[in-house]
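Sharing a structure here in structure tokens format.
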């Protein structure tokens, strides 16, 4: 064959000119900016600030229509108390949603864990710290079931958690025999379980330890999501699982651990729940799934994964809490409150989108 | 500048060889195949056949454990009756899910439309066909609201339909004054509304017109999805909305119409609902959202859009229906029925995945 | 001097003036101009990130510029979506290809302009003529030498990188009636397939359709372009005649190693 | 004759025998063989759909072949995932790039091997050293001449096609310790950036790392490859020495216009 | 396998009331040598699941069905089908509408249950009743029949003009601070109470749909130090509720007897299956009244009531 020693070619002629290439790459005027433009740039750089603005606008709107009853420090702190459970469960849900999953079993895990803690401590008389630890372990166990089904059998999280929701809830009803443990008994035998219900007054506002707990949890998760490799991997996995795998991320391990962590957070949510309602009821938490997903989505996360922030979820929960509280304080019939909440959620998210658009 | 008439270059030398290129592109042995391989290839080419196999296996399993009670023609036809509503609503949900959306308002639309039909015909005495048409128009109107919010304001479908669910349901309670219209009255004044409840006996099986209606609807939607441009566009929009837009599809128009169509189907679901229940209850349809999404997902659709089939949804609804009916006929406590349904759904989908994998 | 940026007496088929597009702090288009004359092949070259794709996205309706105007055959137009541009006879191969992964090759080729069955089945039932679409799609791909694909009903996500690009190119070439814009159409293609695409471009011009070709392949550009639009830092730097300049000149202009004497209007 | 498919006396660094992969009816790999020797640049060329990407996906753990065996430095290995291959020092630029669109450039560069803060903040709090990662990412991209990007914290989805490819190439080159595999790394790159990538490849080899380069650009392949693996219809057709053959020969083999005299073992 | 099958269909399988009803039925089934098949709606108001349950029981060849209807009217056609198939249908707790649609009804009079606690509250407050501020914590916005009956019964007993007795929330009396919904849970009870307290901190009387909601309301009152001076009344008579009466959390509650209802129902089916007749309604009523008793540790005047100690022996959970 053509073995006529065609010597190795050099670079094509036109490529030789490259060494003379200019090193300047692009230039951009730095213009003096008006305050509005500064705001725009701030929002562009800090997208989580947008739901915060929507929250402030909602508070202002209700303050305007409902008046001081709504705006009192006490009432505002009450709203924070009212969103504690959803804030905690929403934190678990946020982690799952970032990975493009969904967890329909969070409510069932929470109530199952609260029943386990209560039964062990109150009915069986175990020391409260042990009951608490076993409850948290049970939450982790539920997470293990979800995580294993999602990663080993590669089933859609929707199906897995829909199924485990039935399973965990049935276990809860069976184990509790559908019996409520009364607040008085918990207080007498295992006050630790109610610890998060203790409240402190600060300038007329009343915060429960549960509220602080929720804020601490949110701060911790914020750190994990934004300042650790694990957090970055969660986003990568939710964004494009194939790309993440090709980039060398152990997607299954990440997914598995996120379900376990969510289970643990739900167990902590159970603790907050006992603190809030005092008693331990196997009927609790039935709206937690939808409410937590709502908070996550109102907070700006995408159910398609890869986008979402924990602060957004907290604000999302607060926005919904403000609507419900504000409407309850106004003189609107419960039926029309539902109606109004429907519209207000849509308006809040539309406002959010609009602010993002003009600030883009 | 270098104007020294460098004449236009020809193709690079190595490209000249191309004319001699072989025209054979790839070859593949056609091997004699064993029946198992034939089945594999059949499943590979017809992925919707997989859930059908899972359905058959479920029926066989219950036939085996529960016995002739379950396998009687009458009972099997009963299951079809029991899934009629979810089949119809699931058809609407399938269309939405294919476009990567979700419709949490289907149940509310259905019950609102049934109340409108009933109120107009029975309470206000309008001719039944007019009441029916107004009801269907109301369903379309609800769809218009959803579609407009999704396409004009670019809001996530989850938020939109969560909001409109509250809105439509509140309207339903208000308009019906939470009062159920009795079956006898409907039968007397507007029997048309109950038409789908009429049943025929065929070899011991009892089919309602509603069952036939559902099958007809599924066939129609199958045709639209697979044999018309609109159907192809739905998949394209759900698959990659940017790509679809760049390819020249009016994504907004497609999305808008799919919500309107879903609204109309929900109104038809209302008709089937009246046929099935006889009376018109403003409390109905509260589990239709979750049930319809479950049917869609068990039927193999992806909540991320672009994948899903209407036949799959029907089979998904039947699978869940078989589980519930079979467990009810067996001697299992309600509590453990829920537990078992949770597991069975997970197992069914896992089986489905597994069959797909070995047939790939 | 820079070659005929404006051909006197001939109205440009597609013209843009002062297109601007900013993303946050990034200026993708910075008062970019553009002229395409009837029946010509215009190459657009420039560094990565110069704004070439943004320019053609603006021309094809995929991106609405912040400022600037676009004229088609002398008439101002404002494309709000790619569909508007398609309706005006402008077809585009985007750098991202714009294929629907889970649809088949044939479905993708005809996406948005499906053929219906003749007779009432088509007009009333709106039934697709799948046979015809498959046949035509197969023909077009065979022309491009891309029938290594097993079946015209294979889903696009199962295709190799080059096969996907071939599908996108075949689609644009088949449907463009006035302008075909191709953003790096041969980037993922093999030697043989690239050559076929160049032939296809010449074919398209022979049909009287103008072609805009974005490419980083200088030999290809100099081989088939009638004029070369050099894009740099978000704007048109100059337009040159490939017969009057060498590839080295073009590369020097586009990388900023040398400035063209006369900047295009 | 085909040039040294087996270099006697030297153990191949990465070797594959009889790799097979079928997708339904499509045979992507049909008893494909592969040899990569230490310190060499091996080019892999072939038509679109020939199975080049499938081959390197099998070598890098992204795809588990139906049959066949892979040896690394003479030892059989079974990569179950890209992570396994990375752990063995094999880095890959995939044709699909494998970037996470909503993460920043810096995050993507260090995905899966983030740097932690020194001291307890890193070991106990597992806090990332974002400053260091950003600095290094910026350096690597500047080497490639890709700092037209505005900010190292820009999300990858906002980058142009070429800029994205640059990020993927920079990542692989920075971390590969034994083998760097690049699937069409210059497909979307401009003239200047392509040249930088070729220089980078030579640099990488100078570090003693072997490189596998898939490319459709014959001048580039013949300029830098030590050996050229020609892939056709899912298998290795032959391996040639670029100094002994012309580009025309290579194109003729790879398109099937001519058969090589002696088929590689 | 030849034991007659009895179906029990409850509103939900989460509410302790229905769980106890099921437990009662289970026990009675064992005692009467019949086989019990239990079903439940998925949520309050879920009629479709109950229809499907009736169909499944017909298919299973049941002899009798005990049902607490989620929608008293809407369930009627399905019940008619069952009766046409020769099945004895007994409504438990909630009558069908019309009551004659079932073969028999073993029920509590929910309106009466409400009325009793209303009267008790009015008498307990005495002169202060005229200036009471009342919060009403209902079930949900759907205005389902038990919810309406208890709420309106309470108002009637308290002496407030009902407006439309089939509708919650149309009363004009200034003493009503507001209605809110609780979903019958502790969480809901607490949140509703908190919100109503914000609306008017002077609330002095709280009606709750059930005892879990009462427990939640109490937590809200306790957190603002109002637990001692606000009166809570409730309905149900579950053991935790009775203990709460004992602890002074709840002032008075109306006790119902789900175990009894279920046991009587099972017995009636057994009798029917062994060739006996159908059960007869209580004299003067169109249903068999299984009774309501007022439970309080602070009895008033001539109102018959039992104290918590006595009630603990009868309670159901």
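Chains here go by letter, A, B, C, D and E, matching the order in which they are written, and residues are numbered from 1 within each.
Methods note: contacts are C-beta pairs under 8 Å (C-beta built on N, C-alpha and C of every residue); 3 or more make two chains touch, one makes a residue touch a chain.
Source: prediction; values computed, not measured.
Fewest steps needed to get from chain C to chain D, stepping only to touching chains, is 1. Considering every other chain in turn, the ones in contact with both chain A and chain D prove to be B, C.
Of all chains, C has its CA centroid at the greatest distance from the CA centroid of chain A. Chain centres computed from CA atoms place E at the largest separation from chain D.
Each chain gets a centre from the mean of its Cα atoms; for chain A and chain E, those two points are 37 Å apart.
Inter-chain spacing, taken between the CA centroids of chain D and chain E, is 71 Å. A straight line joining the Cα centres of chain B and chain D is 44 Å long. Looking at chain A, one finds that residues 12, 14-15, 18, 21, 26, 28, 173, 335, 338 touch two or more other chains.
Looking at chain D, residues 25, 49, 96, 148, 150, 191-192, 218-219, 246-248, 251, 255 sit in touch with two or more other chains. Contact with two or more other chains is made by residues 13, 141 of chain E. Interchain contacts (touch definition given at top) occur between A-B, A-C, A-D, A-E, B-C, B-D, B-E, C-D.
Every residue of chain B that touches chain E in the complex is listed here, in rising order: 69, 72, 74-75, 78, 81-82, 85, 170, 173, 177-184, 273, 276-287, 324-325, 328-329, 331, 333-335, 338.
Interface residues of chain A, counted against chain C in their complex, comprise 12-18, 20-22, 24, 26-28, 44, 360.
Touching chain C in their complex are the following residues of chain B: 1-3, 5-12, 14-15, 18, 21, 25-26, 28, 223, 227-230, 232-233, 235-236, 239-240, 242-250, 306-307. Note for the complex: chain D touches chain B at residues 24-25, 27, 49, 218-219, 233-234, 246-248, 250-252, 255-258.
Every residue of chain D that touches chain A in the complex is listed here, in rising order: 1, 62, 81-83, 86, 92, 94, 96-103, 107-108, 111-114, 116, 125-128, 130, 145, 147-148, 150, 191-192, 195, 198, 219, 222-223, 242-249, 260-261.
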